[in-house]
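What follows is subunit A paired twice: with subunit B in the first complex and subunit C in the second.
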Partner chain A sequence: MESKPSPSTLIDQLVVPGDVILDLSIMTSQTIKLGGGLRQDGDTISVMKAGTLRFTKPNKYWVESSNKRYIPNAGDNVLGVVVDTKPENFILDIKGPALAHLPVLSFEGGTRRNIPKFEVGTLLYVRVVSANTGMNPELSCMDANGKAGEYGILKEGYMFESSTGLARQLLSSPPHLVLEALGKKLSFEIAVGINGRFWVNASQSSTVILVGNAIQKSESLSMVQQKIYLDKLLKSIQ
Partner chain B sequence: MEQRVANSLVMTVNEKRFIESALLSDIRVDGRRPFDYRTLTIRFGSEDGSSEVQLGQTQVVGFVTGQLVQPYRDRPNEGTFAIYTEFSPMADPSFEPGRPGDSAIELGRIVDRGLRESRAVDTESLCVIAGKLVWAIRIDLHIIDNGGNLVDAANIAALAALSTFTRPECTFGGEDGQELIVNPPDEREPLPLIIHHLPVAVTFGFIGDDNIVVIDPTHYEEAVMGGSMTATLNTNGDVCAIQKAGGAGVLQSSIMQCLRIASVKAGDITSKIKNAVESYNTQKAKRKVKRHNPAPAVSSVAKNHMERLTLGSDESAVGQSNNMDIDGQSNEQDKTNKSKNTAKDLTGGPASWDPYSSAVDGDELRASLASRVATPLEKDKESTQVKPDETKSTQQSTDANSIAEIHETVEVGSQKKQAKTLKDAVKPKHKRKNKSTSKPSAS
Partner chain C sequence: MVLKKTLQSICLLNVHPNTTTSIVIQVVNDDGALLPCAINAACAALVDAGIPLKHLAVAICCCMAESGHILLDPSKMEEQKVKAFIYLVFPNSIVSVLPQDVKEHGIITSVTHGAMAVDDYFSCLKLGRAAAAEMSDFLRNSIKLKAGNDLSRAG
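This part shows the complex of A and B:
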C-alpha cells in the first residue's frame, strides 16, 4: 500500500485493516493523537479496525465503526444495569467484555452513611472513569467536578438495545432526524448511552413503544426512507 | 461468576414493570397486540426436506433425512421417526455447546409428541420389508437465533421440512425378484411422505399478577412471564398435545380461551405452510421440466451471448449431442406430453413435421415459454447452458450443416418460438438418425 502524504484523502472514507493513512517521515515535528482503531508501525500509521476514518482539528485521528458490543473508553456516558452489589462497589453490566465497578461513594455528597440501595436490575446513567484492557472498568455517578448532573438512576420507561453507531448518531448535533420529527409531535424523554443502549420515558406506554421502535427501525433506513417512514408514522398517530 | 452473569439475559426492573403496564393497555413492546403473531417466513433449501423458518427474530433450520433400518420388534411393519434438536451457541449467549439443556430436551419432546401421538406422519407406508427393513426418518432442528418462542418456530420448521422431504423409491428386482433396489432419484421419482394433517404448536405466555395472556412471546417477554403453555392443534379441530410445565397457575376459563385462539392461529399457520410448500413444489417441477426441455426462446441479451459462442461451439456441438442423445433417451418419460407427441410426429423426418398438429397448442406453449424465459439462464447447471448454446449456434450458423438446413426449412413455415422448442425436443432423435445414416459435416 502506498503511503498517503496528505492524510486528508482518507478522512471520512471507509478504511479496512492494513490501510496506511499517514507517513510520519514526511510530516515534520507534529504531535498527532491517535484514537481507537489506529496503530503506529514504525514510520507509518496504519488501520487496525474496519470503519470510517475521522479527524478533528488540530490533530486527532480515529476509526469509527458500529458494533453490537461496546469497548469501554474513559469519558463515555453509558447506561448500566446493576447485576450485583458488593460492600465497596456496585457491579454493573455495560455491554462490554467485562462487568464494570461503580464505587458506592461515587455519588454527589456520598458518604458511608448514605450509600444508595440499588436492587439487581436497576438502570443507571453513569460515566466511565477509566477503562484499561484486562481490568474491570471504573464508573462514577458524578461528573469530573463532583456534581451529580444527570447521572443516576433512571426510573420508569423502557430500555431499548441498539448498535454503538446508532447511539453515536442519536448523540450527534444537529439532532437526529427521528428525534426531531418525533419531538415535534410527541413529548418524551430519552437517555442515550454510547454503549448501544437508550432509555425512553413518556406519560403513555404507547408513546414509549412508538419512539423506541421508530428509532430502532431508522437505523436500517436511508435519510430519504426515514423521512417517508416518519411522515407515515406521525400521520397515523393523529 | 462474571462469565455466568454475562451469559444470561440482563433485565432491568424498568422493563418488567413496563411490559406489565403496557399490557394493561393491550400493547406490547414491539407494537403488537396480545394475540398477534410475528411475521412468519418459510424458506426451503436446495435439497428436499430442508426448511428455514423465521418468526420475527427467531430463526430455526430443519432437516429431514431417511435411512433404511431394522424395525422395532413390537412394530415390525411401521417406520420410525426421531427428532433431534441442537441449540447453537450463536443463537443465545446462554446456550452452551455439548449436551442439550432442559429447554432443548423439552422443545424436542413437544415437537415429537405433536407429531407422534397424533399420528400425523404415516409410519406404515414407511415399511419396505415387514420385519426386516423400514425407513427411519430423522428430523434435525437447529436453532440459529433465539428471539423467543423457539417451540413454535421449531415445530413449523419440522412440518415444512417433512412436507417437502422425499425418499427414494424401493423396488424389487434382480434375478429372482427378491433383491431390494433403492432407486436413485434420476431413475425413479422419489416419493414424499404421507402426512395426514399438520399439528401446529401455539405458545402462550402469562405475564403479571393477573396472568395476562400473550401469544408468541419474544425473549424479553419470556424472561418476565410467570408461566407458559403450548397447545398443539390441527385445522380439523383436534387438540394433539398441550404442554404446561410449571409456572404460574392459570384459570380453567383462561385455558379454554387460549385453546380457542390457538385453533384460529393454527389455521393461519397451516395455510401459510401449505402455500409455501406448494410454491416450492411448483418451482421444483418447473426446474425439472426445464432441465430436459430447455427453453431456447431467450432474450436478446442472451442471443448476443449465444452469437459470440457460435464460433467455438460448433465443434463442441457434436460432442454434446452425444450427451443429449443419452439424456433424451433416459428422460423420455420425464418430458411433458407436448414434447412426447411432437417427437412421435417427427419420426417421419422433417417434411412430415406439422407444427400445428392437434397435440400441440401453440399459444399455450408460447405462454409457458414466456414465463420461463427469465429463469433458465440463471441456473448454473452446465447442461442447461450447454443445450441452448448448441441450439443457438446451429441455428445461426450459416455453413452447409445438414442439421442447420433442416432447422431453416422448419423455421420458414412456423412461429419462431414454437419452432425452437420443438426442435430442441426433437433434436436428439434427428442427430441420432443422421449419424447412423449419413455423416453430416458437423464442424
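This part shows the complex of A and C:
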C-alpha cells in the first residue's frame, strides 16, 4: 500500500528558478497536478518562476507570483479590448503574449442575425475558454452553462492597469482593505480582470479617479500604511 | 554575442512558442566588469518579468594582479592595469529537496582577457564560485523582499 506523499517542505515559501521541490523517484504511482511556474525535469519537479509555492490537497502544486504580464489560462475572467473584427471572431487584446479570439456567436442567445457590433476600443468582460501554448486564446461572453452572467460590454467608467498579484488580491475574499474602506463612503462599480486590469465606474468622474488611484497606490503600501492612507483620503473628501 | 548566448541558455524558450523575448540593456555607468553587471541586471529583470527560467545566472569578474593576487570585482582603473581578467557566470545555488547534486558545480560562461597560468585560472574559478554563492543569496533575499511586500497584503 503506497503511503500518501508528504507535501514538499518548501510549501508557502519563496522559491526562485532552479529550486527543486519534488523528487519523483521516491513517489511511485501518485498523480500530481502541476500549475503555473513549475516544470518536470527528468525525475524532479523544478521551479521556472520566482514566487511562493502553494499546495492544495490532494495533489496540486503551483507557484504564485505577481507580474505585469499575464499568461492566459482556461477559466480566467479577464478584461479585453477589441482591436479588430473579423467575420467569425472579434480580436481582443487581453495583455497576454497573443491576441485572443472571441467568436461572434458566443453570447447568450447569439445567432447569425443578432451579432453584436463592437467598435475597435470597446472594453469587454470575458471568460477564457481555452489557452494552449502556440495558439491564440479562445474567449466567451457566456459562462459554462450558456448564461450571460456578468460578461459583456462595460460602458462608461475607466479602465486601469495593475499587476496580476493585485488583481488576485482584489478578487479574493474577505474583500480587500481598499475596496471595503472606499465602499463604506463612496458608491462605485468595479470589474476586476485577473489579467491585471480593472474597470471602475461611478456617477462622478472624480470618484472614478479617486478609486482607481487609491487601488493602484495600495499595491506598494503595507497593511498599516494602507489604513493610514485611506483614512486621510476619506477624510479629505468629506 | 556572449551576453545573448548566456541569457539564451537560462531562458526556457519552448514554454511560449512563436514569441520573442526582447531584452534591452542600457549602460548608465561603467566602472569595470561591464559584462557581468549586464548579465546580473538582465537576469534580475527576467525574474521580475516572470519569464520562465531554468535557473538564475550569477556573474562575477576576477582579475590577476601583477603581484599574483586575485582580485574580485575590479574597478575600471584596476581592470586596465592587471595582466589578465576573467568574467565567470555560474548558475545560482538552489534550495532542493534532493541531497545536493551536480548543479553545484556547473558553469555557464567564462570569458578571459589576457594571459594567465592554468593553475591561476582554476584558483580564480574556485574564488569566483564562492563569490557567486554569496551573490546568489543576495539575489534570493532581494526577490524575497519584493515578493514579501506583495504577500503582506494578501487578503
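Here, the second predicted complex is superposed on the first by the 229 of 238 C-alpha atoms of A that agree within 3 Å, B and C clash if a C-alpha of one lies under 4 Å from a C-alpha of the other, contacts with A are read in each partner's own complex, and residues count from 1 in each chain.
One rule holds in what follows: a residue touches a chain if its C-beta (ideal position, glycine included) is under 8 Å from a C-beta of that chain, and two chains touch if they have at least 3 such contacts.
Bear in mind the structure is a predicted one, so any value in this text is a computation, not a measurement.
A:199 contacts which: subunit B (first), subunit C (second), both, neither?
A:199: touches subunit B, not subunit C.
Thinking of the overlay built on chain A, is A:191 touched by subunit B (first), by subunit C (second), by both, or by neither?
A:191 contacts neither subunit B nor subunit C.
Touch test for A:19: subunit B only (first), subunit C only (second), both, or neither?
A:19 sits against subunit C, while subunit B stays out of touch.
Report for A:122: first if it touches subunit B alone, second if subunit C alone, otherwise both or neither.
first
With both complexes superposed on chain A, which partner does A:44 reach: first (subunit B), second (subunit C), both or neither?
second
If you tally the residues of subunit A touched by each partner, is the higher count for subunit B or for subunit C?
Partner with more touched residues of subunit A: C.
Once the complexes are superposed, what residues of subunit A are shared between the subunit B interface and the subunit C interface?
Touching subunit B in the first complex and subunit C in the second, residues 98 of subunit A appear in both lists.
Any idea which subunit A residues touch subunit B in the complex?
Residues of subunit A touching subunit B: 81, 83-84, 93, 98-99, 119, 121-123, 154-159, 199, 204-206, 208-210, 212-213.
Spell out the part of subunit A that touches subunit C in their complex, as residue ranges.
So the residues of subunit A touching subunit C come out as 8-10, 14-23, 37, 39, 44, 48-52, 65-69, 71, 97-98, 133-134, 163, 165, 169, 172-177, 218-223, 226.
Going by the contact rule at the top, pick out the subunit C residues touching subunit A in the complex.
10, 12, 15-19, 47-56, 91-92, 94-98, 103, 139-140, 143-144, 147-155
Which residues of subunit B touch subunit A once you look at their complex with the stated criterion?
2, 5-6, 10-18, 21-22, 25, 27-31
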